[in-house]
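Can you keep this structure in mind? I'll have questions shortly.
Just so it is clear, A, B, C and D label the chains in written order, and each chain counts residues from 1 on its own.
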Amino acid sequence: MILTYLIIILMAGGAAAWIAGKWSSLLPRYISLATLLIDAVILLIVLAHEGLNSGKIWVVEYNAAWIPRFGVSFHLAMDGLSMLMLFLTFFIGLIAILISWKEITVKTGFFHFNLLWILAGITGVFLSMDLFLFYFFWEVMLIPMYFLIGIWGNEKRIYASYKFFLFTQASGLLMFLSILGLYLIHGSTTGVYTFDYQQLLGTHMSATMEMLLMCGFLAAFLVKLPVVPFHSWLPDTYTEAPLAGTLILASVMSKTAAYGLLRFVMPVFPHAVASFAPFGMILGIVGILYGAKLAFAQTDLKRLVAYSSVNHMGFIVLGVFAVNELAYQGVIMQIIAHGVSTGALFIIAGQLSERLKTRDLSSMGGLWTQAPVLGTMGLIFVMASLGLPGMGNFIAEFLILLGTFKSSVLFASIASVGLIAGTIYAVRIMQKVFFGKENSPMKIKDLSIRESIILGVMVIAIFILGLFPQPFLNSAKPAVTKILHANEKTVL
Amino acid sequence: MTKLDFLCLLPLLVVASAPIIMMITITISRNFKVIYAFSLVMFLAALASLFVIAPNIPCKIESLLVMDGFSMLLLGAIFCVSLVISVISYLYFNNHTGEREEYFIILFIATLGASVLVTANHFVTFFLGLETLSIALYVLIAYLKHRDYSIEAGVKFLVIASVATAFLLFGMALIYAGTGEMSFEGVAAAFGKGNMNPLLVAGFVMMLTGIGFKLALVPFHMWTPDIYQGAPAPVSTFIATISKGAILAVFIRFFTLVHGSDNNILVVIISVIAILSMFTGNLLALKQSNFKRLLAYSSIAHMGYLMITLLAGTVYGVQAAIFYLISYMITTLGAFGTISILSVCERDAEDIDDLKGLFWKNPRIAVVLSLTLLSLAGIPLTAGFMAKFYLVLEGVRSGFWILAFSLVINSVISLFYYLRVIKTMFTHSESERYFGLPPAGNIVLALVLIGILFLGILPSFLTEFINSFLSV
Amino acid sequence: MMTVPMETQILFAGVLFLIGLVGLLVRRNIIFMLMSIELMLNSAAMVFVMGGAHWGHADGQVMFIFILTVSAAEVSVGLALILQMYHHYRTLDADSMRKLKDHKANENL
Amino acid sequence: MTTFIWLIPVLPLISFLINVLFNRVIPRRGIALLGVGSVALSALITIIAGIKFLSIPPAGGAYTTTIYTWLSTGGFTADIAFRMDALTLVFCFVITFVGALIHLYSVEFMKDDDGFARFFAYMNLFVSSMLILVLSNNLLLLYLGWEGVGLCSYLLIGFWYKDPANDYAARKAFIVTRIGDTFMIVGLFLLVITFGTLNIDTLLRQAPLVWSSGSPVAVIAALLLLGGALGKSAQLPLQTWLPDAMAGPSPVSALIHAATMVTAGVYLIARLNVLFILAPEVLAAIAIIGAATLLIAGFSALTQHDLKRVLAYSTISQIGYMFLALGVGAWSAAIFHFMIHAFFKALLFLGAGSIILLLHEEHDMHKMGGLRKKMPIVFLTFLIGGASLSALPLITAGFYSKDQILWFSLASGIGSKWLWLAGIAGALLTSLYTFRMIFLVFFGEAKTEPKHQPGPLMTIPLIILAALSLIGGFIELPHNLGPVHLFSRLLEPVFPALILSESHAPEWIIQVISALIAIGGIYLAYLLFNKKTLSSNVIEKSRLSHFFYQGWGFDWLYNKLFVLPLVWLSQIDKKDFIDKFYSSLAHAVNYSGTLLSRTQNGKLRWYVMVMVAGLILLLTIMLNL
């Protein structure tokens, strides 16, 4: 039940924030802050209470009938993997609220409503153990995000919000068809019509069918992640969304897809995954290289960071289709580390464009002199982004590449070129923004204390991930083993 | 006709008596409020009468009418929707001067036609119900005769609907000539014998044309946008919900009785019609700037979706169809209800630009309208999502993957324009003044909101309800 | 009494129906269009009568009476509408009613 | 003691952190104290550890300490753990000791710079990373240090970031070394897959058991690791970044781009000597690369105008010597040369730094001259450094270290006379360009007046380093000169013994030849650049000279081969053609909507017509099927 509360609290908090917004523009901020803190505390209590190695399959589980007629249940469950994801969600959520504390001044109530509902949807996605429920939450998070982009975004926000919605919705519907197909196949072979994840594991079906159904799932996940060639919504969306929106999109929402790949695609369609794996890895590599290439060509800072996300997501896809423990641990680390590092880069980009009133790289330059703290933060996260050891992304990329190397030496070697490509665009950020001649006549302020604290916390987080990754790896381990086990069992 | 049969006719009688009483009332004294209140009472009475006859179903009144779970469900839906339409109409016509009382009379006549259609089990009742409905609609559409569009819409509907009726009738006649049967069962039995001579096929196709016209399926859809636009908003609501629902009901009854889904050619043809309807409706709606026309186009697409359930040919398909229909009715009520509420005497609030800034001017309406549109688009948490889920599930269960795919593609296309409307609501407009809403309006909005969310979150209630009725 | 075969009867009705249809499509005067529709309805009614005669029961004739009644109602409403139309447009040309259309795409038509 | 070696890298790190967090509140003096003090403290601990190490050699030849498990998953484990053996000790000593001297020097050198605190932060971070690199007990942690020094190098080259040229140089350095690093990390993957670990001890123990000598996997692994080493150590073909790296402040050049970081490649190969021995082809390649690099860089050094660029090419060339030594299996000779080179090259850079600073940022040697009298201390120390670099026989340390390399390149079982010839030619070049530099800068007529004399903080390090450049060589004498082999004795447990080939010329002949070459080179330089007996102008203006000056056209080639295509590639598809696909899809959908819209023209009879047409179509289909 406690898992349901996690979602309900967020939704209720959102509604409360909206209503409160009628009376005061400050109140919603406090309400949403409090809501998220409550959720985070609940999660911590669960962690403290249950621990991670209790031997149970799921640390916490809740199951109730929802639409029994179709075998739809309200089945939530949490293991170490979901818990990590939730911590990331709440962490980024808190940062998103704090970062928009002063930036969002109009309609704060509705803003925070949307923010919390997105988080509620994401939380639901990370907890759902019923495919119908999963799809339900998968879609729930879209609408508020659409509003967030469409109302508080930048100049081309309408275009961006459309693009975002259409891409994700189209791919989501394909996944929905696959879910239905899976449901019907399982129902017709076993006589049990159910959407329950546990029961659908190991459904027997023909190879073609398995491949087709998997493609439906892949469509949703590869678009959301996104992977080249389904990425074209990303730059526009990330660029035009308000800072908090970009943060959530890049740091958490895209991770729901990575999570979905691990949690659903891998164990449910083991044979199809096995035959698709080479193509999957190629997609990953294409993403890594093409993302880097496009990032390098950009002149808009936010767009550059957005494309860098494509590059990083390529690693995730690569790792997912490497199908081994090292790669999976790497993927999970990448989910978290990318969440923090790219999130921070977007925040920095946001701070810069807020100060300079432009995102154009050519009108930046030499800003270190005026804003050394911002510059330092920028440096740290640029380095994190290119995978400098000591920070989380390195651990992630190392493990992913190592795991891939285990599966395919060739792919891992090509993907490693991505490290160089990553370096090329990443140092370009430093050079164009903080180094070189000052191109902007505008005098900018360095980070305020609030902003420094936000970014400072993220710096600490990225270093913790890089220097003490073991607790995270331990936490994810049972889930990874479970996924791999389900995968192997059926393949053999 | 036995006494029991007569009792079973109670709902129809209640609806039929209302216009008579109203006419008498009007001759005594004209009072809009009184008529309005009376119509509410009568619709409630009609609803109540359903409960009265509930223990007696199923019962057949000769071979003409049948009162079974299916018709009970749809009658219930029709009465509920009519009730809400009455409220909306009241809000709408409250701004108008002139003779507004007759509107309710005709509304009842139209409802009566729809009710007869829903219970029809015979070509005679089919035809009579259809014509009662149509003729009443001619008047309703052209009711605000001082308006530019009304007459045009009325005349257009008159001509096209008459043509459609003629087709339908000729088709019936051919079938009658071929089989000598006019009751649905009889025709079904004749069809079942397998002697599908060209006469019967031609008859069936002509009937299909007539029905297709009413349901606004491609290629019989051309009238829809013009009529939706030209008619007063509550009347458009009526056409979109009750009229279509009733026709669909009779179509489903007829189609399942004759086992249409077993006929491969028919299945192919209806599939093609369904796919064409989806694409045409959605593509036409893409660039539409008139909200009423947009809803008309969207309704074309939705009827296309609905055809999937028909093809399934199972009892689940029928259930899915009813679920879809009900959620579509609620949703459409929300959409047209908002237009009605926002309309002024001179013109309807039919331009999408009329909605500009609604989110900040009147968030309550905007939220309901957004939810409505999202429900039409089939986004979770709304009735439309569950309905689409149900529908696709049944479609896929019966193996109609192409239709399901086409539905998916169309859902995406349709998002374009639903989102466009939503976007308009939150773009800023010059005046951001908040305006008040009459309590009745609030109630309608609340009903729609609750309906959409309830069906979207806990669909089990309705599915079980439908199930229990259909198994009777 | 010479019996005309069923096919011929229906063919005859069909031709009537087609005449009505063609009339509807080619005439622009709304009254003539209405008349053509009546023709179509009546041809259908005729088929019912023929059917009734063929199968030897009264259902067809009953239907015929219903059709007559209904078409009378329809015409009355129709004429009322046409009156209003004439009132409004000062013409009976059906093509003169062109206000309801997709405006953007048909601006210059 | 073992538990304290982690302090060696951690102290500068702490200093770095304090600096970064509180630089706004700490006064300059405090920052200087912090920066210099932490490194000096590390040096002290290193020396103490060294004394301990020498007096009571630890079991297994190394101090080890594990701090915690870094990551452990899927059968792979890496610790944050340090290990100090003799090789590490040498490196630690050089890093901390030379590092401390350079930090001290920097206090005065940087005193007027706005980025004083930033400078010390970077420098401390660098020292810390470098120490982690050499102290780590596994290759993953080594890689952390490896990348850490790369980062610091990037930051310090671009220290004066307002000049885009500096940023360009910094990026170039970072990216070029990162290319090497990528090879290296792929090599690490290969090692993990083969051995399941990156622990250096285990690797070295297991490698001979798993791989036979010359097996393809071993060769590939060694090649990949070599890639990393080539990048960091600026060897052919990844040498292009180092001359540009001189854009950083001179102490940086001294510390990073001469004394320590660039020798990381040498360290890596020496550290993993077992792996490389298993791949003889790669070892040979290392020797050849070293030989080629030392010649190419030597020629380039000869033609430079910029004082620091001469030293930069000289550094490349000297590391070439070390690679040559590594390639012929003269492990300890390479490390010995590394240490000596660290002394004299740091000295030279610091001297050059002093000159440039005091001559108002004048880099061009042709605009200097006659500084012998004006800056006597700098002159003297620079001369000693130059002499050591030129391997002036007997009195300089450089002689002893270079002589060893030359000797082993010929005498080693895997050496050859070609390598030796290259080495000898390089030696000639070395003394030639070194003294060309000295003559140009310190002799002749004065062209620019120095601001003032360097202060004590700058001169003391110069003097200490000069002393070391002279006497440093005496700890390891050639066999025929005396039985002093402290250095190779120290490193004996780390390296496998060098097998000498049977037939070769006596050692003394070789020594004499190299001594003569060194002296001859100096004399030639005297003739050419001081006396101007030969028209040096003609030489300097020649096209060949220009070719050398440009670094043998590598920059030009790489620009054409990689940079321009990359830029072109990024520009042609800036807008992302995939996006076009989707937008045209959207347009198509929109357009078909518009087309369909045309049908809704409001004509009543058209509507009926469509309906009838539909009916007829249906009828035809149905009746025909």
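Definition applied: contacts are C-beta pairs under 8 Å (C-beta built on N, C-alpha and C of every residue); 3 or more make two chains touch, one makes a residue touch a chain.
Worth saying up front: this structure is predicted, and the values here are computed from it rather than measured.
Chemist: Going by the touch criterion at the top, tell me which pair is linked by more C-beta contacts: A-B or A-D.
Modeler: Top pair by contacting C-beta pairs is A-D.
Chemist: Can you tell me which chain is nearest the middle of the complex, judged by mean CA position?
Modeler: Measuring from the global C-alpha mean, the nearest chain centre belongs to A.
Chemist: For chain A and chain B, let me know how many angstrom lie between their CA-based centres, rounded off.
Modeler: 43
Chemist: When the C-alpha atoms of chain A and chain C are each averaged to a single point, how far apart are the two points in Å?
Modeler: 64
Chemist: Can you work out the whole-Å distance between the CA centroids of chain A and chain D?
Modeler: Averaging C-alpha atoms per chain gives centres 38 Å apart.
Chemist: Give, as an integer number of Å, the spacing between the C-alpha centres of chain D and chain C.
Modeler: 95
Chemist: When you check chain C against every other chain, which residues touch at least two of them?
Modeler: 21, 24, 94, 97, 99-102, 104-105
Chemist: What are the residues of chain B that contact at least two other chains?
Modeler: If we look for residues of chain B contacting two or more partner chains, we find 155-156, 159, 163, 225-226, 284, 287-288, 416.
Chemist: Mind pulling the residue numbers of chain D that touch at least two other chains?
Modeler: 594, 597, 600, 602, 604, 608, 612 - these are the residues of chain D that touch more than one other chain.
Chemist: State which pairs of chains touch, listing all of them.
Modeler: Every pair of chains meeting the touch criterion: A-B, A-D, B-C, B-D, C-D.
Chemist: So in the complex, the part of chain D that touches chain B is made up of which residues?
Modeler: Residues of chain D touching chain B: 589-590, 592-594, 596-597, 599-600, 602, 604, 606-608, 610-615, 617-619, 621-623, 625.
Chemist: Quick one: in the complex, what on chain D touches chain C?
Modeler: 594-595, 597-598, 600-605, 608-609, 612
Chemist: In the complex of these two chains, what residues of chain A are touching chain B?
Modeler: 66-70, 107, 110, 132, 135-137, 139-140, 142-143, 146-147, 150-151, 158, 161-162, 165-166, 169-170, 173-174, 176-177, 180-181, 183-184
Chemist: Given the complex with chain D, which residues does chain B contribute to the contact?
Modeler: Residue list for chain B touching chain D: 155-156, 159-160, 163-164, 167, 198, 201-202, 204-206, 208-209, 212-213, 218-220, 222-223, 225-226, 265, 269, 280, 283-288, 413, 416.
Chemist: Can you list the chain C residues touching chain B in their complex?
Modeler: Listed in rising order, the residues are 6, 10, 13, 17, 20-21, 24, 30, 33-34, 37, 40-41, 43-48, 50-51, 54-55, 57, 59-60, 62-63, 66-67, 70, 73-74, 77-78, 81-82, 84-85, 88-89, 94, 97, 99-105.
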